Amino acid sequence: MKKAEICVEQRAQILIEALPYIRQFYGKTFVVKYGGKAMEDEAVKRAVLQDIVLLRYVGIIPIVVHGGGPEISEMMRRLGLKPRFVRGMRVTDEETAQIAEMVLAGRIGKELVDQLNRMGALAISLSGKDASLLKVRKIAPEHTGGVDIGLVGEIVSVKTQVLNDLCEKGYIPVVSSIGADDEGRTLNLNADLVTGAIAAALQAEKVIFLTDVPGICRDKSDPSTLISSLTAQEARHLLETGLVDEGMVPKVEGCLRALDGGVPKAHIINGSVPHALLMEIFTDKGIGTMIIPDKGTI
Amino acid sequence: MKKAEICVEQRAQILIEALPYIRQFYGKTFVVKYGGKAMEDEAVKRAVLQDIVLLRYVGIIPIVVHGGGPEISEMMRRLGLKPRFVRGMRVTDEETAQIAEMVLAGRIGKELVDQLNRMGALAISLSGKDASLLKVRKIAPEHTGGVDIGLVGEIVSVKTQVLNDLCEKGYIPVVSSIGADDEGRTLNLNADLVTGAIAAALQAEKVIFLTDVPGICRDKSDPSTLISSLTAQEARHLLETGLVDEGMVPKVEGCLRALDGGVPKAHIINGSVPHALLMEIFTDKGIGTMIIPDKGTI
Amino acid sequence: MKKAEICVEQRAQILIEALPYIRQFYGKTFVVKYGGKAMEDEAVKRAVLQDIVLLRYVGIIPIVVHGGGPEISEMMRRLGLKPRFVRGMRVTDEETAQIAEMVLAGRIGKELVDQLNRMGALAISLSGKDASLLKVRKIAPEHTGGVDIGLVGEIVSVKTQVLNDLCEKGYIPVVSSIGADDEGRTLNLNADLVTGAIAAALQAEKVIFLTDVPGICRDKSDPSTLISSLTAQEARHLLETGLVDEGMVPKVEGCLRALDGGVPKAHIINGSVPHALLMEIFTDKGIGTMIIPDKGTI
Amino acid sequence: MKKAEICVEQRAQILIEALPYIRQFYGKTFVVKYGGKAMEDEAVKRAVLQDIVLLRYVGIIPIVVHGGGPEISEMMRRLGLKPRFVRGMRVTDEETAQIAEMVLAGRIGKELVDQLNRMGALAISLSGKDASLLKVRKIAPEHTGGVDIGLVGEIVSVKTQVLNDLCEKGYIPVVSSIGADDEGRTLNLNADLVTGAIAAALQAEKVIFLTDVPGICRDKSDPSTLISSLTAQEARHLLETGLVDEGMVPKVEGCLRALDGGVPKAHIINGSVPHALLMEIFTDKGIGTMIIPDKGTI
Amino acid sequence: MKKAEICVEQRAQILIEALPYIRQFYGKTFVVKYGGKAMEDEAVKRAVLQDIVLLRYVGIIPIVVHGGGPEISEMMRRLGLKPRFVRGMRVTDEETAQIAEMVLAGRIGKELVDQLNRMGALAISLSGKDASLLKVRKIAPEHTGGVDIGLVGEIVSVKTQVLNDLCEKGYIPVVSSIGADDEGRTLNLNADLVTGAIAAALQAEKVIFLTDVPGICRDKSDPSTLISSLTAQEARHLLETGLVDEGMVPKVEGCLRALDGGVPKAHIINGSVPHALLMEIFTDKGIGTMIIPDKGTI
Amino acid sequence: MKKAEICVEQRAQILIEALPYIRQFYGKTFVVKYGGKAMEDEAVKRAVLQDIVLLRYVGIIPIVVHGGGPEISEMMRRLGLKPRFVRGMRVTDEETAQIAEMVLAGRIGKELVDQLNRMGALAISLSGKDASLLKVRKIAPEHTGGVDIGLVGEIVSVKTQVLNDLCEKGYIPVVSSIGADDEGRTLNLNADLVTGAIAAALQAEKVIFLTDVPGICRDKSDPSTLISSLTAQEARHLLETGLVDEGMVPKVEGCLRALDGGVPKAHIINGSVPHALLMEIFTDKGIGTMIIPDKGTI
């Protein structure tokens, strides 16, 4: 069916069908992890950012966290460095950490706010260093299988004041996954875990991870095995049994951190589908995988 | 084309296409005159009220003014009174004024707020008496061709404080076209003129009259002669040359009062088309007739 | 003694004697049920409304609830309907409910605010539908002796936000005893019970019922048997033993609802005595009957 | 007529007759000069202070300025000093200025606030030094007939911020007529002129001088020659022709300063009559002498 | 070393070394008792007041309480009265109380605010009577060894609202140790105890007593026996064993009242050393004696 | 003279000598350009940032703009690019602009806020893209001698809202000199000109440029030829006659833009002297060169 066929009456009807969702989420905070291929295709990127601006205009309070692994790797290669990973985490020496910060906070974050602002938002990009947003520490080797992967951090706590101050004044915060530890060392952070930690700290209504696949699938190669909904306990079980794809692991962990912190719903959806965010939020069925707290935990 | 054919991707796309309009009108005040057949058909009524609630949720500040002529006439007949009109204005004795007030402020206004509230709004119905909203006086016979039509009022001024107080707290005011003069007499008011006066006093962004016809037509019996857009001067000329249909006269006068008061755009649209409000506001082409100020007047 | 004999010095002295009471009640909320003959005599009505405006100006926060049974009955008769009562409650079909709403919310409420505003107040009339003030449900037949009296409601809860918003901005809310249930049906409510429920929900300082008799009398026909003061338990006992006059029953029940909700004093006074409200509030002795909580309940 | 004869109905009636005045002055600022015999008789003092507290409770914003000449003279005598006056102004050496400050700011001001507070107010006593309320300079000998009367000041300007801050929070400021010049010298000020200057600076609604006589009389010894009302120009003429009694001169000058500053009404009334303030404010006729601006000056 | 030798670079360095202290105390309340010789030497007084103004400008919230015993005694003598003391407390008849009030609230308090204001502050002097700041009662003879020392008060409670209101608006309150009991009698208060009570009521960060000696010394005549730090329990022990010098007793009691009320640190320092306050606050070592709560009490 | 020789009394004295300056600048906005060697030496950098934090704590509102030319050139070289300049401005192709953004907004800005926050501030780094702070356009070749130097921008206007919002909440904004034009191209900006434009837009009290030399010298190689003070006109004359050193040109232009916008004082000082900022602000003599508006222009 072609778009041209949708008449103005249908357009109005569709707007009105969004009303119950708008009402439900009015004034609520959504933390959105934006990354992967949804950041590479200009048309998809535009669609994602439009969705976020629309959320703001219909009274939802969006906070964006972004990644940028491929861009970091590319810049490393241009500078003659070879990216290395342990268990999906980037081995990060000082130079790499500096490159990660420049790419994430200096290029991708700024580009996102520039595009959001062009669409009518007032967005500000922050890293974990701004207003001491993130308290982080170097991840202990025992958390990475005994391997010291260098200047990679874990999040100790989130200082929500700056997010609240900005959101209250109508700004959309865009957070880059970089922080500094107590000794002033720049640490590279996993954006999925930053997302989960921020959602938990803000007691967000929803945390949504945009990824490149339809969600969690029982068989990664077969989209028809998508799990639409599961509980935190089930998600934990999947993690423990190694049934979750490596790239999906931190997303599921981010979901669990959010759920543990009191967020009632976590979603992993395919951000490379244009307007996937709106589809998830403004339809009954939703898309992708939703993880909910275990019964009795709320 | 059947509605069922619209897929979720198209829905999202249509939502996003509303963004520029939402952005443009964010925080702006719209005064909507609601009346005529759009109030009689339950499905249409529901659609109109949904539109108003949606406007509120996307950051527009709607104020509703409603009429109710047929309901007043019906109640008069039930009480053994015969409605009489001079130049389209109801001849109003004391009993009639009381009936008008009961029907408008006591039944229709309350029903509208009840339905709006059920849809998620916080609406409050007011008449011109509440918080002294409308300062009115009995219309002089020279304004009605020398005929004394009784307790019919004209609006001297609008005390906007109560509207501002309510809107600021998130309420939707629903205004019934009844007032009291300095001697305490209840006066029946023309809802179209109340609409124009309120829009002017609030320096609204738009005033929109919902009626039963597509707009102003050169030939009333031929919808294809619809005038899409005209200036205040052209509208005045139409009024003076008697080319405007009697029922349309007060609407055009309401538009002109609003435009004279600084409102940049006045619209007369067919409220009996479901979601006509949304169609007017959220599409480029708009529907119905738009009246704009004369050049150089702003 | 003639009024003219009171000299200016005495006037000043009397004003100053009100000071301790003004101080005591400054910033406190009073819920006043206004009804009965005090609404029929124009001079008495004027006196009651002046009292309410004065309360507002001396820093007390008045909320008015009004009835209007006789006016409803009269309008029913004009429309060819015959009022019927069961246990003092009006049997209410859909037409009757509509008439009650029109008369209460459309005529009496609006007239009261108009007069209050003329005296310098900023009053707004509300029904239970406005801003969803009252959550109500159809009264179960078992509460009315097994008889289904139709569209008569009982109050489930009071949404105080709109009252607080209005009072904070200086408005006097005037509440008509009409609501809508979850199915959207208009329900007729007992104004005395609405008064008690609102007083309880607001944790008012006082609830005062204006009626046509001096208060609760041991012998209805003998004003000298007035009970000046009794406890909630004693009032309950009077109700149970059937010693309370039928018309007084809902007032006593309204008092008890208020007291149960934490209101420290409930009064039933003769509103047909001019300025009875001021006499009650600004003198030590008070007038009418005062009901206080049982010892140990506060 | 004895007070006991006034029944409760009359009391209520009298309260209600104050309503139009309360309404008229609600939220308006009154500057009251309190001094003379009204400060010496305990019963009269109590009555004056009650009036001021009542004004606050009915929504008027009172500011009190007090004098205390006799108390200063008495303390001087106790310390072996002999009070001396030139043209009604106290010749003030350093010791005298210190005594004036101690008596006014340290005793009378504190006693007034203590009594006001006991009656339910929140009063704070200030001198011109507190928060730099009054900018003053030593009066030049040419203003006192070429005689240097020492540490007596004239008011250059009033820093209204502290008065506004206190009134906004509900406090009643009580001002003692003492200031310090740019060199830090304590200056004795004329309380009448302080009153006028403060009223002018605050654009008060009324300035009222409580004195020991009925007002300005054509013949000082004959109260029946009281001038009820005169214009600023007429008052100036009286001053210039020397027809104003010496003690009355600064009061008239205080009135003129207030009127020149935009205060619409200045009053000189007999403060030794109990509740004279209320009589002036809450009756149509008023008492004492009222001075109004010349026509065309407002 | 002469001051002239300090170059501009060193000045900047010293300012910057104050930063950690400024940061630590930003927004915190300090109650400072000012009295003794520090009030008699003009240069020292100027230094103390400069310190207080500086505290305000660097974000600390200072509240000053002052004494004035010698000035009261001197005024008594000038009026032919002979000061008498019991256990260090002034025997106070009505005349003495009046003198104390005049001297403290009328002269010393006003002079302090005038000087503070000249240095750029906005200070207001209050006594316990202003805004009913201090609730006091006549001290019972059993607290003074069975001797009735007359109109001397003890502090029942502190009404902190006026202090909070003033501080929030940027004013520095200067409190004179005078109050009025429930019967309206003026009572002389011990300024040290007022200081402790106010610090406790405000949950101040620090209470600091400026005195004429280096602090608490084991041997009063030997400054080298200064006790730099002790616990509340140790201080109590010193009091009980009579090892504290008479003049120091109320200061120690004031410290204990503050500590008991939750103030974490109380200091007794030598106010006659210029800028002792700054030295205590802006250096690590501090000066004088610090009393801290017993372990486990916070 | 060694630091250890400064005793605690002198320290207090020096603090107190800063009071008049603190008072003078309380609540005023200072825009500080930070760059050059002051950013390269860790000890100097630390001193500069401490100064800025101290300013904030003593009530001054600092806004920091930083450069980073050498760091950009270094990163270009690491990426195999050769920095080129025309008239002191960097020739900027797309890759260079991206590198500039990464280095400035992604590394230097973040490092500055991290260090400021470690010292007790709440700093946030922004580029011209955040919240659309800077509206910029590609500089026209005619402004660069007919040479197209590529993606270098000039500042059209400053959207001060975000700076005001952040400063009001206590944050210190740190601005990187990067913007995006209407077509979304990243433009490299001259940090000196950004500084001047922001100071002008905010009507700052002072704009201060930290550079590597003592100020404007008549003979660049001879510090003794420092011009302490000159007017805007004199500065313009210096620019026109080519007597200003190339590196100093944009600083002088930044000063002039600020002065033209209403800033009363512009300073160029040697930032490589530790605490030069404090020396300039907190001493009478000041350091470096001060440019003031021409007479009669304010």
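Letters A, B, C, D, E and F mark the chains as written, and numbering starts fresh at 1 in each.
Note that contacts are C-beta pairs under 8 Å (C-beta built on N, C-alpha and C of every residue); 3 or more make two chains touch, one makes a residue touch a chain.
None of the values given here were measured: they were computed from a predicted structure.
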Least step count from chain C to chain F, where 1 means the two chains touch: 3
Compare the contact pairs of A-F with each of E-F, B-C or C-D and report the one sharing over half of them by residue number. B-C
Greatest Cα-centroid separation from chain E: which chain? B
Measuring between Cα centroids, which chain is at the maximum distance from chain F? C
Sort out for me whether C-D or B-C is joined by the greater number of C-beta contact pairs. C-D
In whole angstrom, how far does the Cα centroid of chain B sit from the Cα centroid of chain F? 56
For chain B and chain E, what's the span in angstrom between their mean Cα positions? 69
Cα centre of chain A to Cα centre of chain B, whole Å, reads 45
Gap in Å, rounded to a whole number, between the CA centres of chain E and chain D: 36
So chain C residues touching two or more other chains come to none
Determine the shape of the graph in which chains are vertices and touching pairs are edges (line, ring, star, complete, other). ring
Touching residues of chain F toward chain E in the complex: what are they? 1, 3, 5-20, 22-23, 26, 47, 50-51, 53-54, 57-59, 119-120, 273-276, 278-279, 282-283, 285, 287
Flag every residue of chain D that touches chain E in the complex, lowest number first. 78-79, 98, 101-107, 109-111, 113-115, 117-118, 122-127, 129-132, 162, 165, 169, 171, 178, 180, 184, 186
